[in-house]
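Step one of this worksheet: look at the structure below.
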Amino acid sequence: MRYLAILCMISLLACNQREGGIIIAGSTSIQLFIEKVAEYYMEKHPEIQINVQGGGSTAGVQATYNKICDIGISSRNLKEHEKRLTTILIAVDGIAVIIHKNNRVNNLSTEDIRSIFSGKIENWQDLGGRDEKIIPVTREEGSGTRGSFEDMIMGEAEISDACLVQDSNGAVREIIATTPQGIGYISVGLVDEREKAVAINGVLPTLENIASRKYRFSRPFLFLLLTEPQGNVRKFIDYVLSKEGQDILKKDGLIPATEIYND
Amino acid sequence: MTFRIGPRTNQIIAYSILLLMTLITVIVLFFIIGYVFKNGIGQLSLEFLTDKTREMGKEGGIFPSILGTFFVTIFAVVIATPLGVGSAVYLVEYTRGGLIHRIISFGADCLAGVPSIIYGLFGFIFFVITLNLGWSIISGGLTLAVMIIPTIIRTTEEAIKAVPHSFREISYSLGGGKLDTILKVVLPTSLPGILTGVILGIGRAVGETAAVIFTAGSSLGIPTSAFSSTRTLAVHFYILAREGISMPKAYATATVLIIIILLVNFIAYRLMHRFMERYY
Amino acid sequence: MKDKIAEKLLLFIAFSAILSLLLITFFIFQQGIPLIFKVGLGNFFSTHWAPTRGHFGILSMIIGSLMVTAGALVVGIPFGLACAIFLAEFSSPVVQKTLKPIIELLAGIPSVVYGFIGIVILVPFIREHFGGPGFSVLAASIILGIMILPTIVSISYDALVAVPNTYREGSYAVGATKWQTVRMLLMPAARSGIVAGIILGMGRAIGETMAVIMIAGNALKIPHSMLDSVRTLTSTLALELGYATGDHRAALFACGSFLFLIIILLNIIAIKITGRK
């Protein structure tokens, strides 16, 4: 009997709570950045609870469809069958191909990268590096980062079964930072001094190069919505797109949506 | 002439090897705990335990996770214990030894051995999506409850079975009914054993990651209701460590997690001891 | 009268609990089994897992799980039995009382901590001294072996201790040493218990997810050596659960069903061996 009472009380509390909360789910790439923006937002509006989940871009699309989140986040463009959702661009992020700090290689062509990840090239020696077997690391299939990587660099070639698989950018970065023979791809915004981003076709992934499209490998960070945003959700989206919100994203290495040079 | 090692020498060799291997095992254990503690103790402070989590875990404390772990675990235990104990009591006292009893015991054994990720799979599809409970303490708690019910059924079963028949017979001969006997004789006697099972279930729930990350989610805020998503200590540690967000904080979180589990196991062990000492 | 109500109430409780457990079992199989027939046994047991493109072959992952479990047993059984024998037969009661709970403590450490230690210490060590990416069958085997140690120790210890002292006394009486007694008399006598413990350990190793995801590398290719990366059934579930839909999701449930069946099988074997009711 007592248990029932406790459960009822909790449910009552819960009913009130559900109104003021925003649930955001999807891309692990975007999750980190949005958590930070949400932190700032909640400082100013303590009555709003923002919960950010990961799971990957495809999971975000699913979650939005299934209505278990208010805003989905995706780090790749939507596929044909997903186009029912509304998208709002909040930032642009480059994809950097990273290798260990001590790796002699500094520049790779798109063809090189494709060959590495499809298993055609297996030794760093063939690219000007040491005589060591390459250890490529990729993201899981549902990852937006992987989706964008496959679209922009792999093209028709398939990522080999022999690649290590990790389920977030951070995990990939950790492996590359500590594995001399490793190569992987992560958000430009996440690259730190423990690993090195290669120039692709001679172009380094600096923020200017990405914004000016000289570095062509960038993908959109999107908010996904099933319906027209209302109330608290609308207010949060406005905040993210405001100068303050965009500045936070910029500080973290993203290109704010408001600063994209349109082609 | 063949050279043979005598049985005495054989024994000395065997003893040395066994001792060595046991020592290696113990050293490995202490090394693991020691390594985590050494790197984590430095970060521990009252502030760390009571502060909000900031900068995705790079700054601040782990208070939200402590709360979240607490709520999810309590929720799971509150649901699993009556269901588990009640079922065990029914099985032992009312269907003793029958076919149904054996089938259910077998089922409970199997489910106790099912990988936790499968509970996560079930919880995610059923609680989070189908029942639309979302990523929440409720989803996490229900999933964990279902996960530990089989364990509680089995340990309670063993505890109740261990109560000597004579106890029940004395109760009946004094005029007690079945319910009375159960409530006043069987249950109190087997209580330490039952509690041990529950507490071990708690220990398992606290350290659980796979089942929780897909059902309670990974939100960093302080949970404000049963429908809030939360990041338990184990999940928080997993994320910090994997993403390389902050190694010191990761070690500190792991230290807190291990300390809690050590405490829980210690209590369970003492209870088990009292239970054993009473009857053996 | 009270008794009748109590009995009905308890029946209801037991029923609810059993119902919830049945629900899971049914749910998993009902979602998963149809897919196996839909795509055909040939597809399901092939080695190509590319679910977004219609390939649902779980064979490479089954092999992965088996390799890693076998490795865990190679590590866990010798050390586990050694500890059990040492504690049960070669140490004083004081040592037993202190060491046994300490070893059982190993069981309480969360799997993510094991995985972490694996990443930080074991993986670099293997990469530098043995080659390969470090994220390997070897790393997973060692960590899993440590994780299933307490199970094997606990159950084997109980099995040895349960052998009546008359066995020992009789053996000493004819002049056998302790070790001879253990080797030729006690271990065979405790065999069923020990094997049950090993089977339980096997179940735990097959079902481990977090530690394996962190240190096995998760590459889909069937490993050619202990130093290659490997993907287990449980890892695939965890990696793809968040975003799988339709057939892909059903395929994951099919994997889950498969794992479930393995556990049931192991439990049946354990019961047959110990002859327990």
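All chains are identified by letter, namely A, B and C, in their written order; residue positions are counted from 1 within each chain.
We take it that a residue touches a chain if its C-beta (ideal position, glycine included) is under 8 Å from a C-beta of that chain, and two chains touch if they have at least 3 such contacts.
Quick caveat: nothing in here was measured; it's all calculated off a predicted structure.
Ranked by number of C-beta pairs in contact, the top chain pair is B-C.
Distance from the centre of chain B peaks at A, each centre being the average of the chain's Cα atoms. Centre-to-centre spacing of chain A and chain C amounts to 35 Å, using the average Cα coordinate of each chain. Taking each chain's centre as the average of its CA atoms, chain B and chain C sit 17 Å apart. Across the assembly, chain B contributes 82, 242 as residues in contact with two or more other chains. Shared contact sites, meaning residues of chain A that touch two or more other chains, fall at 54, 174.
Each of the following residues of chain C touches two or more other chains: 119, 238, 242. Residues 50-52, 60, 119, 124, 127, 133-135, 213, 217-221, 229, 231, 238-240, 242-245 of chain C are the ones touching chain A in the complex. Looking at the complex, you find that chain A touches chain B at residues 3, 6, 10-11, 13-14, 16-18, 21, 23, 25, 32, 35-36, 39, 42, 49-54, 66-69, 168-171, 173-174, 177.
By the touch criterion given at the top, residues 2-3, 6-7, 9-11, 13-14, 16-18, 20-21, 24-25, 27-28, 31, 78-79, 82-83, 85-87, 90, 99, 101-106, 108-114, 116-117, 119, 121, 146, 149, 153, 176-180, 182-183, 200, 203-204, 206-210, 214, 234, 237-238, 241-242, 249, 252-253, 256, 259-260, 263-264, 266-267, 271, 277 of chain C touch chain B in their complex. Contact residues of chain A toward chain C in the complex are 54-59, 61-62, 135, 140-142, 160-167, 174-175, 178-179, 181-182.
Every residue of chain B that touches chain C in the complex is listed here, in rising order: 7-8, 10-11, 14-15, 17-19, 21-22, 24-26, 28-29, 32-33, 35-36, 82-84, 86-87, 89-91, 93-94, 97, 102, 104, 106-111, 113-122, 124-126, 146, 149-150, 153, 177-180, 182, 203, 206-210, 214, 234, 237-238, 241-242, 250, 254, 257-258, 261-262, 264-265, 269.
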